[in-house]
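There are structures below to look over.
Next, two complexes with subunit A in common: one pairs it with subunit B, the other with subunit C.
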Partner chain A sequence: MSRIWKAFWILALALPLSVFLVWGIWHNAKLFFITLLNGLTLASLYFIVASGFTLVFGLMRNVNLAHGSLYLLGGYVGYFVGAKTGYFVLALAAGFVAAAFVGLLMQVAIFRFMQGQDLRQTMVTIGLSIVIADLLLWAIGAQVHQLSAPDGLAGPLRDIPLITAYSKYRMALLPVGIAIGVLLWLFLNRTRVGMMIRAGVDDRAMLAATGINVNLVFAATFAIGAGLAGLGGVIGAVELSMVPGEDVRLLLASLIVVIVGGMGSVVGAAVGATILGVAETYGLAYAPTYSVVFTFVILVLVLAFRPRGILGQAA
Partner chain B sequence: MSAVQWRNAMNAGAGRAALGKGLPGRGPGVSSRAKGAGDEIVERQTPSMWAAVRARHVVVLAFLLAFPFFATPFLTYQIGAQSLALGLIALSLTFLGGYGGMISLAQMTVAGVAGYMLAIFGASGEATLSLGWSWWIAVPIAIAISMLAGTFVGWLSVRTEGIYTIMITLAVGVAFYYLCLQNYSVFNGFQGFQRVYAPTLLGVNFRNPVPFYFLALACALGGYLLIQYVLRAPFGVALQGIRDNPRRMNALGFHVTAHRIAAYALAAFLAAVGGILLVWYNGLITPNSVGTSWLINVLIIAVLGGMKHPIGAFVGAVIFVLLQTFAIDLIDRERFNLVVGGVFLAIVLFSPDGLLGLWARLRERISTTRPQAALHPRRSKP
Partner chain C sequence: MKSSKRVFLRTLAGAAVFAAFSGAAFAQQTVKIGLLATLEGPFAAGGADGMRGAELAIKQRNGMAGGKKIVLVKASSDAKPDVAVNATRKLVEQDKVDIMVGPLSGGEGIAVKEYSKTQPNITFINGSSGAQATTLVNPSPNFFRFNTEGAQWMVGLGKAALDKGYKRVMLIAEDYAFPYSQVQGFMSEYCRLGGKVPVKAWVPLGGKDYASVIARIPKDVDALLVVLGGADAVNFLNQYEAAGGDKPIVGGSITVSQDILNYKGKRRDSLVGTIAGAPIADAYDHPDFKAFVSAYQKEYPVSSGAYPSPSLFALVYYINMKAALDGLDAVKGDLSGGQAKYRQALSKMTLKTPVGDVRLDANRQAIGTTFITEVVKDAQGNLFNRVLRKVDGIDQMLGMPKEQFKMGSRDEPSCP
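== the complex of A and B ==
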């Protein structure tokens, strides 16, 4: 693409955005900034869930369409543990462990025997997501489960300039999302296991040839990826709520995040989650009946200009 | 099978061209023999339409035609017509997935677009939103818009391959679902459109089970024959070549992207017809009709039957509809998803080619054990 076209497209994107920015702040600054905060906190939830998705995909080329079900499972487990014991940290741990365990089970019992058959693995995950969703509906029912925020984070945070008050819990999500992102980045880039995972992303066969137990690496990655979905579930159980159908919603969010951001890249997931979360929230606040259209337009634009996502690399 | 046929046809064509130029200096006998061989090839290339008809085709067709006359209206409508309509939508996926190598989960979305357009341009219970045009205007418009939508989905997703296609088409499909759910000014939100009925034509009310069954049968048969024809036409053969090796086809001078998008357009046509049938069958269209579960159900139907042959879509649809209808007798009605998900999982895990693959394997086993037994009648005795 020539430089002039590039400049034209950047302008075509930036101009309406900046017009909206100025108009939004001038029109109602409080609404604008609250929406921004809502978008960013939603983005951090999306990031936590989608980073697990992208991790699994990046290493194993396995589009785990049961990721949403793992989110739901983690959320329910977290809800019941949290409601029983009253400790939010315990709920988080339980959600993570439960989802990680189921993910591990899936990897060890099924996917290990289908290495390299991407399409078949994906179809298996579709079947699994239907079965898990229906089992959860059977066991728990269709009523809404919402976990209350932990004591330290309950209630609003007051006396913020411009927006006066904002939920402490949602505010806390921002650093939590960033922390998880940084930890994940450190894990992948600074530890030995992370090195193995990255090597596996680049060349699975070569990693095996160097004498590393690839199956173990795969199992560990799958468990971590699934666990992140479960962790996101517990967080979402407070922020949103747990009800059948949320699994599809979060699966869709994860899909769009990794498509937009670039598959298999944690940084890409962060970028994608930010774009999706902010766009979705602004859409809901300013044009409720068309909010999905914005998400869709973003998807189309990214696919049209960067088919592998903003930070995606050629496979 | 098709690749070999294609190669033979190409070789034969080249040979014929060379022979047709005539070989000066040779006797007339040689040239006439060459001409004869050429004619024979031509004859083999374009066999009579009836030569491909086997006894089993006649039996199945006779059964399908006679079905409404001995079955109850319930069976005719709920099982027969619904299977045919769903089968047509699944056929579009079989064509895309089995022969184009592109698994699109948005086929139900394309069908749903046709259904929504029919409800919006045609008549429905929502008089304020529907334009109320006659069916013979509304149906072509619905099919055209739906084909545009399907082509657009294709244009979007052919940039990617394999599992990426699944993800993107799923994202597009779910986005359309949420659009229908949230938008009240065009799609009437959660309620959708009620009372979208099949028309009365020449005194035949197509809302009645038997006429509707025959309408669905005609559409399904037309779609099936269309796909069978396309698969043998140069376009279909090229598409299968692209499925097997896109780079090579590209090197041979085929426009890979254009072929793929054209495949999406053709599949969209089938899905649109199926979608219109489905709307008339249900008498309504709601966001639920294009929800995630239905997006995936189309995949389940196609995979259940097997994607190696167009008939698999209809086999899968019959099984699916039977399961859906009679799961209530087997277990709790609410647990239908568990049954279907479990069956799907079992098929994907144990027989990736679906029921047709299972059948082929069974037949192969029978046919390989029988001659062996004949060849070695007393195997135990060395």
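== the complex of A and C ==
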């Protein structure tokens, strides 16, 4: 693409966006900034779930369409532990561990035998997602389960300039999401295990030849990826509540995040999640009827101009 | 290859003949009823309770109607019209049910009604779907609805809101046919009496995140008209409270139903005082209704996952299933002649329900009773709906002359 065309497209995107920005602030600054905050906090939840997805899908080339089911599982486990013990931290830990354990089982018992067979993995994970969803429906029922926010985070945060009041719990999602992102990036880029994971993805045989147990490395990665979905589930159980069907919604969100942001990149997932979260909330605030469309417009634009995602690289 | 194909065909033909014969023999002592409700998606909890209600109607007569044994075939959808049609199609074309009861949700009802036109020999009875258009626009000759619909359920609520001093309300509702009907039912009365609805927010069904909508609530409204159901209602109420919202709420029929008042999580005492319109009121003290409630409680104890008191979905599915069975009794199980006699009986019957008698109009749509209710808290801390007012004999025109009546949509009615 020539530079002129590139400039044209950037302008074509940036112009309406900046017009909207100016108009939005002028029209109702409070609404505009609350919506921005809403978008970023929703993005945080999407990022936590999608980062697990990108880890498994992008780094390991392992298509896990049961990722949403792990979210649901983590959420339910978190709900029951939280309701029983009253400690939110325990609920978070239980959700992470439960989903990580199931993820580990999936990798050890199933995916190990179909490494690199994308289509087969896809079919098996779709099957698994249906089975898990139905098992959960059978065991727990279809009632809405909503975990209470921890006492310190219940209710609104008042007297914030411009936007007056905002949900404390929701506000807390933002630093949590950022912290998980930074930790994940450090883990993958600055630790030995992270290096092994990246190396294993690039050349599995070579890594094995250096004397490293590749299956163990991949199992650990899968467990972490699944655990992040479970963790997201517990966080989502407070803000969005748990109910059958959430699995599909979060799977779809994760897929969009990974496609938009670029596969296998933690930073990409952060970018993708931010775009999706912000677009969804602004859509709901300013054009609720058409809010669903915005998500797909973004998907179309990204696939048209950057088919590998905004930060994606050639495989 | 060729011979194996032939063998396969022969087996298939054999199986078909067998199925045809056994089916014919079967049809003499049994009637197959298909039951469709949402066991997935945003109304999963309501769907499960709807199934309880429908099964209760069958259990109350020991699984027999019109001298025949009732065989129930269940299917699930997720509140999406196409899923509901596929599930209905499976029940009708594959399971060969004689009578269909369902679906649960508004958009689904319109879609299933359209499908019913392609199956003139099967009788379709509504589940709990409450969109006006189902029986108002191009009604189907073999689709019956023994429950009143969304707009009828809101008659009287506009006045009740004004009596509470709510002169301006903001509307928050899901963007599909059922809430359109509910809003029309509320607003046609509310606007006529001088109320104002300056902002309407139509949100996607199953949207879950209401932070943006909450941000749009203007300071100068007295209350919120919230027409959300299932998980959506729970999320909205929770997020509104967490965001520091304190405006009173006027609820749609499924916004403060038992399935919402009893979701798993902390009780929202802020709901106390919420008024709503519905075909059911938990604390209605008519003996018929009390009998229905105790039958439900006996059959489905809370420990089995049911509610302390039947939800709207349980009642409405019960009513429609009861109509199907009463109809079978009336014709002594005779479904011959494309079920013509059966339909005749359904059209003419006065159905006895726990909330009073129901008749059908020319479009096979129920004319019945609506309750205006208010959420109160009992001694055990359970939330339930008490009756503020009962309005009988509401027809689909809501008492308006036909030329004045306009069906609900996103923009209709309007009084900013």
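The rule we apply is simple: the second predicted complex is superposed on the first by the 315 of 315 C-alpha atoms of A that agree within 3 Å, B and C clash if a C-alpha of one lies under 4 Å from a C-alpha of the other, contacts with A are read in each partner's own complex, and residues count from 1 in each chain.
To be clear about the criterion, a residue touches a chain if its C-beta (ideal position, glycine included) is under 8 Å from a C-beta of that chain, and two chains touch if they have at least 3 such contacts.
Keep in mind the model is a prediction, meaning the values are calculated, not measured.
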Combined model on subunit A where subunit B meets subunit C, clash or fit: clash
Contacts of A:I126 with subunit B and subunit C, given as first, second, both or neither: first
Touched partner set for A:V300, first subunit B, second subunit C, both or neither: first
Contacts of A:R158 with subunit B and subunit C, given as first, second, both or neither: second
Which of subunit B and subunit C A:T289 touches, first, second, both or neither: both
Touched partner set for A:S148, first subunit B, second subunit C, both or neither: second
First, second, both or neither for A:R198, with subunit B first and subunit C second: neither
Contacts of A:I34 with subunit B and subunit C, given as first, second, both or neither: second
Single subunit C stretch clashing with subunit B - from 26-34, 44-52 or 80-88: 80-88
Where subunit A meets both subunit C and subunit B, residue numbers: 137, 288-289, 291-292
In the complex, subunit A residues that touch subunit B: 61, 63, 65, 110, 118-120, 122-124, 126-128, 130-131, 133-135, 137-138, 248, 252, 255-256, 258-259, 263, 288-293, 295-296, 299-300, 303-304, 307-308
Subunit A-touching residues of subunit C, taken from the complex the two chains share: 39-42, 44-45, 47-48, 78, 175, 201-204, 206-209, 211-213, 215-216, 230-231, 234-235, 238-239, 241-244, 259-260, 262-266, 305, 410
Residue ranges of subunit A touching subunit C (in the complex, touch as defined): 30-31, 34-35, 38, 41-42, 79, 83, 137, 141-149, 154-156, 158, 164-170, 239-241, 243-245, 249, 280-282, 284-285, 288-289, 291-292
Interface residues, subunit B side, partner subunit A - complex: 103, 156, 159-160, 162-164, 166-168, 170-172, 174-175, 178-179, 182-185, 292-293, 296, 299, 303, 334-335, 337-338, 340-342, 344-345, 348-349, 352
